[in-house]
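Just below sit the structures, each encoded as structure tokens.
After this come two complexes, each holding chain A, first together with chain B and then together with chain C.
Moving on, here comes the complex of A and B:
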């Protein structure tokens, strides 16, 4: 038995028949309309407040944020974000581009932006966390490993299948988000210019490399980065599911790590070694839109590197453990 | 067939090609040991299984049967020793050795969310030369064709057992390994399973069956290895092993005290109390308060009866019990393995 594809076929059938992927789609189908509705209400409210002109609305947002910069009660951390935000919005205003041009595509871009560090990793965990542990809990691992196939091949087939499903989840998130929000906001907007290349620094945002790209290009870049984040989280969850016998434990471990990431992102600014943890590096899309990095010294290549090291390490651990370990129960 | 009781094992490594099919050694286990943590779970296991025979692996729970079986199918790596299947080392060339093996380790666990057919397709994709026709064949062999397209979660235990065997047979194995195959089956299921296993063996397949019930091994197997505390204590023909074992005889005599006195006076008869006799539950429950349990060599039974009759004692009942695993142990180890 030389080909790995029949094994990948097996794994794919199992994921689909176990209805794991349907759960992912269902979660998207329930949540995206909720976000769409919330967005719609906000747009309506803004329209009654500022009329049809988005410039008035944007100017108001800039003024609000500038005012809060003067307040003592606002922590310095927040002020950093707001200063960057103000600069960006001014840039949009000067170039006469509406950053919040309502439309399905803009909604999708924002949705992807917000879901990259927690929501999509969570969806991926639904599949990755029980790829191996479910075989152990169900006892089917005995059947799987007593066939005339090397263990590394069995594991590789699972890994390939995982990669396929990570890609599928990222693409489905885009499609579902676009189709549903498009019904509310219209399906146009792929060619709206979006600015990227903001480089937040200590002294203010460096505008020298800012340039406009079409929104579809921006989304494509986002999806690439989200795919990378998703794959890393998927591989880590995969490793945990090799190490831990119970699926529940494996999900809890990964959830704890991800949530710790979001908490750390908000408070670890002064603990600079935290930047080597994978969970604070999941917000890759923020580098595109130009939000300041949670910890100093973090850049897009840095984060990509950190994630790659974590992903590689978990693949090595997974294979080392899976091929050597005795199956005792 | 090797009918001699052996406790030492000078063996030659099997070469499947050069040996005739009648005597072909399918499975050869040589001085296998396994250490888990600091404890030697398996201390020394050596035996061979030939094509066409049903080989029993008999031992009490916790003796290391399942651990040994897991080593046979490469789920556990032996610390020392070698396991060869059809000439291939299981640890070094699992992809070759395991192609000759079909197995059910402990319970036949299949994917409950797939149908029986989908499960078989799944395992068919994991080995060469298994097509749809073969899947159809094995479902007919285990008589599961009516329900094969139902989800496994809806199967009864017996049906799962049969599906497990269908899965094991898919790759036309030369060696079939069944771990306690009658566990959880009803009496009819157990009988069917026996007939079925014999049929497979008559077609030349070697069948390796583990059990903790001597009766089951007696009814099914040609040869047996007896394991206790991680070592193979004896390997031999089942009939010979059982014949060498002391038989328990239960007497119901009147007057009881006098009868017991006579029994005690015969040197080759040993009167036992209930605790030391290791009876199984069913037999123990059938005893009356005045029953006398003795260990009596078979050939002495009729002369003893004559002696009792001469002494004017009424014999209400004499029952010879088939030996239990514990007694067999006593026979082969002279008691050293019984705690």
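Moving on, here comes the complex of A and C:
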């Protein structure tokens, strides 16, 4: 038994046969149609207000945001986002490109943007939180460890399997979102131009490095970044599931951390050390679309570094604990 | 390791798909990092097929009103109890009278002065909205003249007529440029300029200088408008003169719902 692959094979089959992955697909298949329907209603409402003219609709949105920029009641934080929004939308108008060209591909791009910091990590936890603790709850861990295989190999095989399923979940999210929303909005739109390279700064957005890419390229980049986020969250959830005996507890711990992250990103601007927390750095796709970072000083390399450190630390802890700990029950 | 046939199949399918997926995603990841870290700015050249060619200006010629509003808080409708403003109320009145009317867009921005309206006219989105309309309402100048009410609050003494009129020569010149630029952008549209009223006519120390300043402004505006064929001025000075309590909102600067309704009725009288 030198090779690790039979172990990976075994883990993969376990995940499929225990229907963990089907749960993920089922959640997507139920929720994506709901989002699609909501989006459809919104589009219909806008059409009755503005007709088919996206330019008028966009200009009205710009004016509405400019109005809130002048208001003293609007917090400075929101103004920063709106100022960036106004500049970006004006850039789209100047180049006569519709930023929200209706279609399944555009929907998928927005869906991925919105799901990168909470929804997809939650889906990944379904698998990651269960990998080790389920063996413990089911009592199968003893059988696994009494076989003549080194413990680190067992754990490594589980980690490889986790990586495989992170990739599968990210790709499935894309496919399901595209297929379902395409039925409502149409399947075209891979070549629509999207602008990227906006550099939000203190005095406004720097436009010098803005360039257009095709929407499929943008989505590919989004998915790559989401994959990295998913892997980090997966490794953390994996560590928690090594440390905590029950699956339920490990899921609760991870969920609390993720939800804390979404709350913190909305209000932590003045607490700058919060940027070293992993859950504040999950919105990597924001660096693509050019919306300002939640905390001063956050950049893509910074966020990647923070996530990488957390991921690495959790791998080290997982191995240290798993190879040393006595298995009693 | 013994495996059943179905297990082998599961392994093959999942294994191969996930390896392919992982490679693609890592590729996307690297692409994203390099694109964010070393962005190469380039100007976009439309290939016209992407978002559809710009539609020809299709302003209805069937007597229906396609209305756009431009300017300051009065254009936006600040102070109105239900936020409609005189533009939305005009559209509602026209519809009640059996006319076909549509508010294309309301581009009023609180606190706007003449200079920023003039520069906004060069934005493609604003130009597009103006081109879609056949009736353009403009309300601007009050913030230039009264400095958004600060003339009243900041100085210990009541501002003199001279202080109020300090901005008049420059602002009225900008107003002329605004109106001419709009007429240039959309030569077929009818432009209605909303005259100013004196929101301070119930304060003894500012009533007379305020009245004089507003009258001077309105006269200058009327002179500009009279020289153009497709423009009119909607007077509001007399409406508010003795009715501030009735028509002003609680901020003592903007009209309330009733005040906007009065303005809308005037507008309807002049265009119907």
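FYI, the second predicted complex is superposed on the first by the 329 of 329 C-alpha atoms of A that agree within 3 Å, B and C clash if a C-alpha of one lies under 4 Å from a C-alpha of the other, contacts with A are read in each partner's own complex, and residues count from 1 in each chain.
Convention: contacts are C-beta pairs under 8 Å (C-beta built on N, C-alpha and C of every residue); 3 or more make two chains touch, one makes a residue touch a chain.
This structure is a prediction, so every number in the text was calculated from the model and none was measured.
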{"item": "Which of chain B and chain C A:86 touches, first, second, both or neither", "value": "neither"}
{"item": "Comparing the two partners chain B and chain C, which touches a greater set of residues in chain A", "value": "C"}
{"item": "Touched partner set for A:258, first chain B, second chain C, both or neither", "value": "neither"}
{"item": "Which superposed partner A:24 touches (first chain B, second chain C, both, neither)", "value": "neither"}
{"item": "Touched partner set for A:138, first chain B, second chain C, both or neither", "value": "first"}
{"item": "First, second, both or neither for A:147, with chain B first and chain C second", "value": "first"}
{"item": "A:6 touches, of chain B and chain C: first, second, both or neither?", "value": "both"}
{"item": "Touching partner for A:298 - first (chain B), second (chain C), both, neither", "value": "neither"}
{"item": "Those residues of chain A which chain B touches in one complex and chain C touches in the other", "value": "6, 9-10, 13, 17"}
{"item": "In the complex with chain C, residue positions of chain A that touch it", "value": "6, 9-10, 12-13, 16-17, 50, 53, 55-56, 58-60, 62-63, 66-67, 70-71, 90, 93-98, 101, 163-165, 167-168, 170-171, 191-193, 195-197, 199, 207-213, 217, 220-225, 227-228, 284, 287-288, 300-301, 304"}
{"item": "List of chain A residues in touch with chain B within their complex", "value": "1, 6-7, 9-10, 13-14, 17-19, 138-140, 142-151, 324, 326-328"}
{"item": "Residue ranges of chain C in contact with chain A within the complex", "value": "1, 3, 7, 10-11, 14-15, 17-19, 21-22, 24-33, 35-37, 39-42, 44, 46, 50-51, 54-55, 76, 104-111, 123-126, 128-129, 132"}
{"item": "Interface residues, chain B side, partner chain A - complex", "value": "36, 70, 73-77, 94-99, 101, 103, 105-107, 109-114, 118, 122-123, 125-128, 167, 171"}
